[in-house]
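Scrolling down, you'll hit the structures one after another.
Two complexes are shown next, each including chain A; its partner changes from chain B in the first to chain C in the second.
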Partner chain A sequence: MKLFSKPWLWSWLAAAAAFAVTAALTSGRGGGELAYAALSFGAFAAIVGLGQMLVITLGPGNVDLSIPATMTLAATLALKAMGSQPGTAFLGLGIALAVGLGAGLANYALIYLLRLPPIIATLAASLVYQSVAIWSNRGLRIKPPTGLADFATGRFLGLPNVAWVGLALAIVVWVILERSVWGRWLLATGQNLRVARLAGIPVELVRAATYISVALFSALAGYLLASFSGGAALNMGQEYLLMSIAVVVIGGSSIAGGDSNVPGVWGAALFMFLVVSMLNSYGAVAGLRNVLTGTIIIAIVIAASTRRNRA
Partner chain B sequence: MTISKMLLGAASLAMVAGLAQAESHMADTSGKRIALSNNYAGNSWRQAMLQTFEEIGAQAVADGKVAAADAYTTSENQATEQAAQIQNMILQGYDAIVLNAASPTALNGAVKEACDAGLVVVSFDGIVTEPCAWRIAVDFAAMGKEEVDYLATRLPDGGNLLEIRGLAGVFVDDEISKGIHEGVAEHDQFEIVGSVHGDWAQDVAQKAVAGILPSLPDIVGVVTQGGDGYGAAQAFNAAGRDTPLIVLGNRQDELTWWAEQRDANGYETLSLSIAPGVASLAFWVSQQILAGAEVPKDLTVPFLKITQDTLDDALATTPEGSVANVTYTLEDAQKVIADAG
Partner chain C sequence: MSFLARHRIILPVVSLAVLLAATFYMQPRAMSYFGLNLLFNLAVPIALATIAQMLIIMVNDIDLSLGAFVSLAACVTATSLNDAPLLGALILLGLILSYALLGAVIHMLELPAIVVTLGMSFVWGGIALFILPAPGGVSPDWLRTLMTVKPPIAPMAVVAAVIIAAVTHLLIMRSGIGTVLRGVGGNARSVARAGWSLVRLKALAYGLAGLFGVLAGMALVGLTTSADANIALRYTLLSIAGVILGGGEFIGGRVSPTGAVIGALTLTLAASFLSFMRLSPDWQIGAQGAILILVLTARLIFSRKGAEE
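What follows is the complex of A and B.
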């Protein structure tokens, strides 16, 4: 069975099952509403998840823990600069992406110049980013311009605009990974850094580009999330730290690197939203909900990895 | 009249007289140094709290009431880190520590060390159970119950409620939720048909509500814990549902939304939360203790309530993107102490 050997299949199956179980409770009425909400909120997890996936693909020890702080800083500075004025959406986007570029360069500089392990470098850098976000605006929530807020919460052809953005990014990442020489370089670097270097791949360039990409993705996600929810908050990125890693692992990418999986990230992002909705809808208390979420995640990861080993 | 009753009467008379003269008998605190030990700064409420403390502290230093009022915040919201911070404060020779604690019990050892070293420790908001410390607590359960009491006056026919809780596993979340459930038990025309955790954050609440809404019947009211009402309103709006009566939590974006709805369709609700200025109350209480005032170990601070009538005033005084606040004065602190005595 070729289909069953696809590691991304399991996250999509799990998402579909969670959807069916929740929709059953609504006797069909709320199915569309639920799917729409899942696509809206899943998009943010998918965008940061795609970035985290690229970093994890770089091989053991590579992970970006500064995603929440980068999101918060980019969103805070962008919304402050826009100051709720109409027509400033692209200025805000530019500032958010500039923050992302800066954060990515800074992260890579710490890793390359100081030879810090990425976990330490990005964690330390995230404390700095978070502090700058606090210092720059002291946690005040500034509303996004109306046009931008309408875009972030709006829909096109029946799907949320943020989901279109997430989908477009996923396609771009997939094409780069599967069809371009950059993608081959990234996978080769993740599979064996030393061999890749000896084969003439510019591994440091690949690593730099990857750490910059994840920061850009985080900045974009922060900018969209703040526009979607009515302003940047200092704790807005918090849940995306573990979320970004979870969607990569559930999506069937190898945590050891060198093997990435774009469709799985989207399936896992939808699943992470739907599983919480399902347990909430059935009235599970917080403790039970966390235990069940953990158990289900472990089950999916086992299912996905066993299939991969056999294949 | 028995002897004991006479003695009691005399004692209370003496106490009243003592209170009246307290001001003149008080020790001078102009040489005393007070530190704020704070465990978290990552949301608008905590930022407003720190700002209030800094303002009131700077003023008190300028007025010669105390020698120093410094604020310190730990970076990781860890009890171990805060315990180390308290130990540093002891070594730095502070006379009093005003404490918003990461844990009600995990800091007890460090707090005891501070007491043994002769420091006054006043905990507030996040209080500690160590007996030598003072506690300025909010009756969170009463706050939860008041929400349901209010809904009962507005919706006498009752109906389905959605509960938005805070951060799972935190004492405050359990207390407010307990009060809400007590209220629902009393007003049995209401039923809580759904409960989600919004982590006191608009975006998290919005996400959780959007996920549970499709499976819920018609909702007449939403009971909240603060910082989550605007997100809930957004989720109802996105799902194309009628906006229910959402109890709000004093955030400026919630109040702005309320005023817009009121102007558009006469929307009425209630907003309540603890004012971040409770830090200023804790500051003055510690100053009073240093001055030699008799202060009971457990004090209660009222929550800040905004009604339809006070909405415009509250909006006018709340900075954009912040949270409604009151700054407590020395007189307020003396009144809270007298009420508890």
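What follows is the complex of A and C.
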């Protein structure tokens, strides 16, 4: 397979271009800090993006709109339980993941038992999660324990710890998708649900596991983000709804399902951060920044689709 | 096919009736001209936005930018249309045309609509911020008068909902072009074989959606008298929910304009109903989600037993 036919290449090229243009403004100085910031903030987008990618791989109509609400709920409950006490980091992590597991099970129950379209099921469920988050904490900001906050903002071998977590997750997801039976089942289900079912694949089990995975990923991202930014906020997940879908598609996964792309998600997550810092460093006002971000997203999708059509 | 499966409109009608009955039971004073007006106050822009979303879903696409687009239309209405009516009208016309263009581009380049509209939501939101960096603007007087008119017998919102439903029903369900448009969602290839230009049809569907999106923005400003760049962001999800509540399907061109308007009314009423229940504000959003789930559960009755998805 030629290098140019790799679908993830485009998001990495775009990220590199955005990085170069931003670094050029400061004539190379601050390039290290920029890369570090991109890896830190990109990690959260990459983690939720990986989850959303698995769901989108399930085929048309599959998308999880409850990611922001799950992130907020998991972070709020975890930080409340930890109560800024030292040595409670793993208790908090456990609670966040339990929230994720619950949310994933609830989402899938709505989809399977009530036969709701996933878009509507996750949308309706997210309203409930949001309410629980508001009720449990009323938006009070509880600081994460010092050790956890240090971990979330710290670095290891020069890279941010959150980026290591994101990277490890990406590798796990890649191995599962490319090298395990589960991954093959997931891709087959996304390519043709009916055929997959007739071939004896337990499609409902695959779908359940996928919706639970995305909720677990969201919960983990929420837990880390709250520790990173010094507390949970009710709107902390907001930008990750569109972000999670954008990184999947820019990353070269097929929106029609059945074809996923792990490295591309990371490239796109870096790109999404870098493009905003690029526009910021050139002094674009909020309105112009949004217009350009949207235009760039569409341009990449067009570039990726014309390449696909020629291939 | 069962009776219910053939008459899909029964579900939205019954849901609205049950919710309305529950509201009247909780608050009998709502059973008046004034009460109904309050209950359905914000229904008109939501109904128009739901119709816009329905037109996109009708051709098997989905529009994630609708909320941002309605906000932009509202910002233009509260600024240019008020200060310089001709220029404002031209901008709004331009917005409708750009929606039509978007539909054509999505079709020609075979782009996934969900992603393109996602990108466009940034663009519309950015332009709206440009026009109105801080909340403000003024509704044109004629629009304010139109939206607060008090027709005899039934309040404005109810009359407007009936008119919207009737007009879009004639357009989508009864007219020739409406049938062809639904055919694009049902079987695009056969529509193309029959000699229709799919690009033009998609552009038409998107253009109509743009028209209804602009109308939603104008109606919203007429009610709220001012605008801001984020005024209607929640309409994206509300409109999708409204279409599905009204018995529409995401694929196959199976939509119902009357159902969509009723779905929008149900969603509006759900919010009013919850404030009558004196529910703690913490739970209002959650209860709205619960009502949505409850109503959609009734869809189970409509799907045939053991039917494959």
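Note that the second predicted complex is superposed on the first by the 310 of 311 C-alpha atoms of A that agree within 3 Å, B and C clash if a C-alpha of one lies under 4 Å from a C-alpha of the other, contacts with A are read in each partner's own complex, and residues count from 1 in each chain.
As a working rule, a contact is a pair of C-beta atoms (placed from the backbone, for glycine too) under 8 Å apart; a residue touches a chain by one contact, two chains touch by 3 or more.
Bear in mind the structure is a predicted one, so any value in this text is a computation, not a measurement.
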item	value
Chain A as common anchor, with chain B and chain C clashing or fitting	clash
Partner chain in contact with A:G231 - chain B first, chain C second, else both or neither	first
Touched partner set for A:K143, first chain B, second chain C, both or neither	first
Partner chain in contact with A:Q130 - chain B first, chain C second, else both or neither	both
Partner chain in contact with A:G30 - chain B first, chain C second, else both or neither	first
Which of chain B and chain C A:N290 touches, first, second, both or neither	both
Which superposed partner A:S281 touches (first chain B, second chain C, both, neither)	first
Touching partner for A:E239 - first (chain B), second (chain C), both, neither	first
Residues of chain A contacting chain B in one complex and chain C in the other	127, 130, 134, 138, 286-287, 290
Chain A to chain B touching residues, read off their complex	22-23, 25-26, 29-31, 33-34, 37-38, 40-41, 127, 130, 134, 137-143, 153, 225, 228-231, 233-236, 238-239, 273-274, 276-277, 280-281, 283, 286-287, 290
Touch list for chain B against partner chain A, complex	41-44, 46-48, 51, 75, 165, 168-169, 194-197, 199, 201-204, 206-208, 210-216, 230-231, 234, 238-239, 251-253, 319-322
Of all residues in chain C, those that touch chain A in their complex	62, 64, 109-112, 114-116, 118-130, 133, 237, 240-241, 244, 250-251, 280, 282-290, 292-293, 296-297, 299-300, 303, 308-309
Complex contact set, residues of chain A against chain C	60-61, 63, 65, 110, 114-117, 119-121, 123-132, 134-135, 138, 193-194, 242, 245-246, 249, 255-256, 285-295, 297-298, 301-302, 305-306, 309
